[in-house]
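Note that the chains are named A, B, C, D, E and F in the order they appear, and that numbering of residues resets to 1 at the start of each chain.
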Amino acid sequence: MIVAIIVVAVKLLILFAVLMLFVAYGTLAERKVSGHIQDRLGPYHCGPHGLLQPLADGLKLFFKEDIVAAESDKILYYLAPMIAIVPAILAIGVIPFGESITLFGRKIDLVVTDINVALLYLLAVSSFSVYAIVFGGWSSNSKYPLLGGLRSAAQFISYELILGLSIMGVIMVVGSFSLVDIVHYQKSMWMVVYQPLAFIIYMIAATAELNRLPFDLPEAESELVGGYHTEYSSMKFAMFFLGEYANMTVTSAVAVCLFLGGWYSPVSFLSWIPGPIWFVVKLVAVFFFLLWLRWTYPRFRYDQLMVFSWKYLLPLALVNILATGGVMILFGGI
Amino acid sequence: MMINAWDVVFFFLAGLILLSALGVVFIRHPVYSALSLLANLCVTAILYLSLMGAPFIAMVQIIVYAGAIMVFFLFVIMLMNLSKGEYQERAVPWRLLLGLGAAALFAFQIFILAGEWRGVLSPGAGGFGVKALSHFIFTRYILAFELVSVLIFVAALGAVALAKKKL
Amino acid sequence: MGVGLFQYTVLSVLVFLLGALGLMIRRNAIIMFLCMELMLNGVNILFMALARSKGSVEGQVIVLFVMAVAAAEAAIGMAIITSFYRSRGGIGVDRADLMKW
Amino acid sequence: MVAMGDWLEKVKERLGGSVLEDFEFRGEYTLLLDKSSLPGALEVLKGEFGFDCLVDLCGVDMGVDQEPRFYVVYHLRNMTTRAQLRVKVGLKDGEGIPTACGVWPGANWMEREAYDMFGIEFEGHPDLTRLYLADDFPGYPLRKDYPTEGYDFEE
Amino acid sequence: MVGPLLKGLRVTFGHLFKPAITVKYPYEKRPVAERYRGRHVLKLDEDGREKCCACGLCEAVCPAGAITLYGAEDPEFKRSDVGKIAEVYEIDYSRCIFCGYCVDACPRGAIIMTTDYELTVPGPGRGHLYKDKNWLFEKRGGE
Amino acid sequence: MKTVAEHTERRTYTLNMGPQHPSTHGVLRVILELEGETIVDARPVVGYLHRGTEKLAESKTYQQVSPLIDRLDYLACPAYNFAYCLAVEKLLGVEVPPRAKYIRVILAELARIASHLIWLGSHAMDIGAVTVFLYTFREREITYELLEMAAGVRMHQSYFVVGGVRWDLPEGFIPKLREFLDILPSKIQEYENLLTKNKIWRMRTEGLGVLSREDAIALGATGPMLRGSGVEWDIRKAYPYSGYGEFEFDIPTGRNGDVYDRYLVRMEEMRQSRRIILQALEKLPDGPIHAMEGKLYFPDPDWVRGEHRDIAALIHQFKLVVEGFHPPKGEVYQSIEAPKGELGFYIVCDGSPKPYRLRIRLPSLMNLQTLPLLSRGHKVADLVAIIGTLDIVLGDVDK
């Protein structure tokens, strides 16, 4: 019993450390990738090729003056940045990142806990991230953040629905909510081959949930200054960004598990490379894709975004489910 | 007296549920009231998950309530941008009395009914999987299920019709 | 003494009563709605406990239906409140003092 | 450029007595109009002679003791024939002038600017407030008697 | 609909591997044009005497009124070959607009503009931007 | 008992956009009346950058005014000096030598390209395409290097003076310019690849901020705003100045008068500017760069302080600085097609060496006047795109 608890704790610690590393270097990657896409260099001053920049950013933000907006609703104002980072940390518990290994005679699963409703759990915890934005926007007692908060509430409800529907196809194919089962299913062939439409819809909905361009309406800086975090400064501001990049990491990880074969190597002659490394490679690729998208496209307008979700994505996701079901019946699924 | 660890969990969660329920009723500010209800629903979900072995219901509870309904409530509260005066209400003693009286009557009824329910619930995991649940929904309760879907559809239409100024 | 159906029933009843009380004493339409959700939640707890104690999954099925109904009710309710707010400039139920408008 | 003399004669004929003076300098034609003929004369210029574009409207201060002290200068253009015409209207200090907003909506801000800088009142203007300067700014800076070192705010 | 979107992605991806066109400024500096109009320098002639004869044209032509100049006699022709020098010659760089009219106007070529553009000064306030004659005679940067 | 109407007196709320806002392109303030996110009324408030150029000019000689003028639109400085110099030359009745004319055209068109590039970049960035902004700055940098080569500074060149240009084009300028013109079409293609057919870009710009032909003329909108509404009007064609009559170029026009049309118009204008520069380079004659008559600018430095020192030149130099030149009494209006629209100078001269009244007809100001009309009924997010399509510079709005 105690050993089991220690194992879980160690796994959690490692995952948390890796997540934080991803968050820190995610910010750097964002700036580096955008720099190179734009024929610039990006951060270059701190450390070799700017590798210590996240540290410098963190230190700087930590020592910045903490400004609290006047007439703000203090409790929610402080609560919002804290909520921002919680969902991602909760979510890492169910993401498998490798095949079971045997260490000191114990079989250790490379996942903190393999619950049988893992996907539902992910959806459930991710639904909390909207509160950070809504509370941040409302409690600042300022019009631009409020607009950002309102937009985000509507955007979130719409895209959470589509996100859920898009992964339904995967669940139907595999027949399980467990991420481990889903990855095992993809040992020979990636899910993206069976569910290409679902993958596209998932990526779009995930980008929208992450509030990233072309769907970054809640924080569209050219319209709403900073959206929900306009009035935030110092550590609280940093927390929002920690949350954003942590959510990006988790979303990418889920995409890898659901569609890109998890920790399995894509080609058999490379299968000697350990699973977790494959997992990280794929994760970085999806992460990069999100960055790449952001620095290429213009932004949707808010109402276009809603129309896009309800009139195009939602029917597409439903069609995907129907088609999956139809194919399963036709070719001897159920 | 032996204190079962699960009992401690139950009383802890029940306490939280009641506390947050009190919050919903007595906090003046609608945002905090809604926040309190959110806490209430989440703790209830944890109760389902930990003691009743119903992870599916727990997750659905969070997804539906936290992910949609409460966001929706907050959205409306913020949209209305209520001024300070709007949510300052005067306590109405006779209504309070009325409420308490009705509540007591109802409680009495429930307790009479519940008199025989004295079985011990086995806490912890186990219980029904998603499969069993879906089996019931799509066989015995298929009519109810379809009716609920019609209800939701009608509700969505009605909401649009009500809230939209110009159709 | 193990926690049994009785304790769950008490919990459920208390939550339900608090919701009912709120519905009675609050005049803010949104909070009245919140209290209604609270009442539904109280009922849900009872259903879940009964399902658990009877060893039947049907209680959980009912809970799912209740959630669906709650969602539908929230949608309609919020729409009513929004249009009420638009036409009356506030959401205190005391403002609903016209027979029709 | 389109032959000027032709239509200019017609304009003068049409406006008759309200043309006080007309002159030409570097190929540009200027009509000095009587204030009482506004805004009718402008409407005639727009409606009958096709000056559909008000290019510019500005004030000029001729000096404190001059008569008339201010001129309001309209630069008009016919977008079809490319003819251009400058119309000037003289004003005494403190006198108002009918607005041209009804004829050319684009005159709105330019009249506000003239009001801002010279204190010329445009009668009937929909929103005659200062354009550039603060609402409580003292004086009218482009007047020739405006002290360039600024007012003595102590007083 | 999808084609142009993919095209955009291709464009940005292509740039990922192109060399950066930016310059790491404090470490590297981009070359400036020959005609660059940077900070002013007052010139000396071959004998080390000041070329400026305090005629005041630069002060008169300056649209911003940034130049302050007071002339003085130099009867022994020690510091100038015309017997007159600028006792005070100050440029207020908080006013200077670098139009170069002073250089064009100077009848003796006594004031020139160099390619030195790093004129930031420490601390708050604009007093540091008020440069006197000694500073203007210093040789720095491109001179 | 209150009636329903009494409960519902106010459904809009006021949002103050600016003067500090990322997408008002400076210190523009727009007071918005919003219903939800829909704009009921937008009221621009200007003047935060007012520098009193017109008043300042009254106390300076014609030559000293010139550097003030290119600070109006700090993104297309040569065009502003150009218009001012043309106006003063018209007042003086001076003809500029052909080489100077062509040099002016080359630099003014270069400034148009630079101005349109920065418009495109900021417009795209407002709509979210940040990368385009950096790409346009890459090319704009080359135009600024070219201007720096010719004039010595990157901005506020004051390169054009009354009667000609200050210096001849330096060595190496023309090859570098040709090199730039060679790569320009491919770069414009690159921006178009990112935007023109991009569905999101079109969704954000099409059918938005529609300015009808009649409104455009009546409100005094000029430049690409007018052309985007389908009016084939270009002062370079309508009243050719500085030798524009000798060049072949097209006037791009839009059909619907929406933001997308104006985008296409400006993109095409960059290509047309390139065409004009190429023709000007082809025809660039040798010869003097100052008008000989009138003694309008300082004499050749060689005559004043060089080998061929000459007392007459020295006297000219002193006279010019101390007194300036005396244009005849009269008044002129001269306008050019600046990148942002019609830029006009109305000079009233009383015969003294300082302008009695210098009136500047600013394109951005007049184009900004259409903002309430364009934005009514659209969303807040659209306002950003509409402000972008106006292509305003606050220095040019506020004088």
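We adopt the following convention: a residue touches a chain if its C-beta (ideal position, glycine included) is under 8 Å from a C-beta of that chain, and two chains touch if they have at least 3 such contacts.
Model, not experiment: these values are computed from the prediction.
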Study note, to complete from the structure: If chain centres are mean C-alpha positions, then the most distant from subunit C is chain E
Study note, to complete from the structure: Strictly by count of touching C-beta pairs, the top pair is B-C
Study note, to complete from the structure: When centres are defined as mean Cα positions, the distance from subunit B to subunit C in whole Å is 6
Practice item. Please compute the C-alpha centroid of subunit C, do the same for subunit D, then give the distance between them in whole Å. Key: 70
**Study point:** Separation of subunit A from subunit F, taking each centre as the mean of its C-alpha atoms, in whole Å
**Key:** 45
Exercise for review: Report the inter-chain centroid distance for subunit C and subunit F in whole angstrom, where each centroid is the mean of the CA atoms.
Suggested key: 64
Point to revise | Contacts with 2+ other chains: residues of subunit A | key: 37-40, 295-297
Review point. Residue numbers in subunit E touching 2 or more other chains?
Key: 5, 8, 11-12, 21
Check your understanding: On subunit F, where are the residues touching two or more other chains?
Key -> 13, 131, 138, 194, 198, 200
Review point. Which residues, counting only subunit E, touch subunit A once they are in their complex?
Key: 5, 8-9, 11-13, 15-22, 24
Review point. Mind pulling up the subunit D residues that touch subunit F in the complex?
Key: 1, 25-26, 28, 30, 52-56, 58, 60-61, 73, 75, 79, 82, 84, 86, 104-106, 108-110, 117, 130-134, 141-142, 146, 148
Point to revise | Sites on subunit B touched by subunit C in the complex | key: 1, 4, 6-7, 10-11, 14, 17-18, 21-22, 24-26, 30, 33-34, 37, 40-41, 44, 47-48, 52-54, 56-57, 60-61, 64-65, 68-69, 72-73, 76-77, 79-80, 82, 86-87, 89, 91-92, 95-96, 98-100, 102-103, 106-107, 110-111, 114, 117-123, 127-128, 132-133, 136-137, 140-141, 144-145, 148-149, 151-152, 154-156, 158-163, 165
Revision key, fill the gap. Listed in rising order, the residues of subunit A that touch subunit F in the complex are 34, 37-40, 143, 147, 213-214, 216-217, 220-225, 295-304
**Study point:** Footprint of subunit A on subunit F - complex, ascending
**Key:** 13, 15-16, 21-23, 37, 124-131, 134-135, 138, 194-195, 198, 200-201, 203-204, 379-382, 384
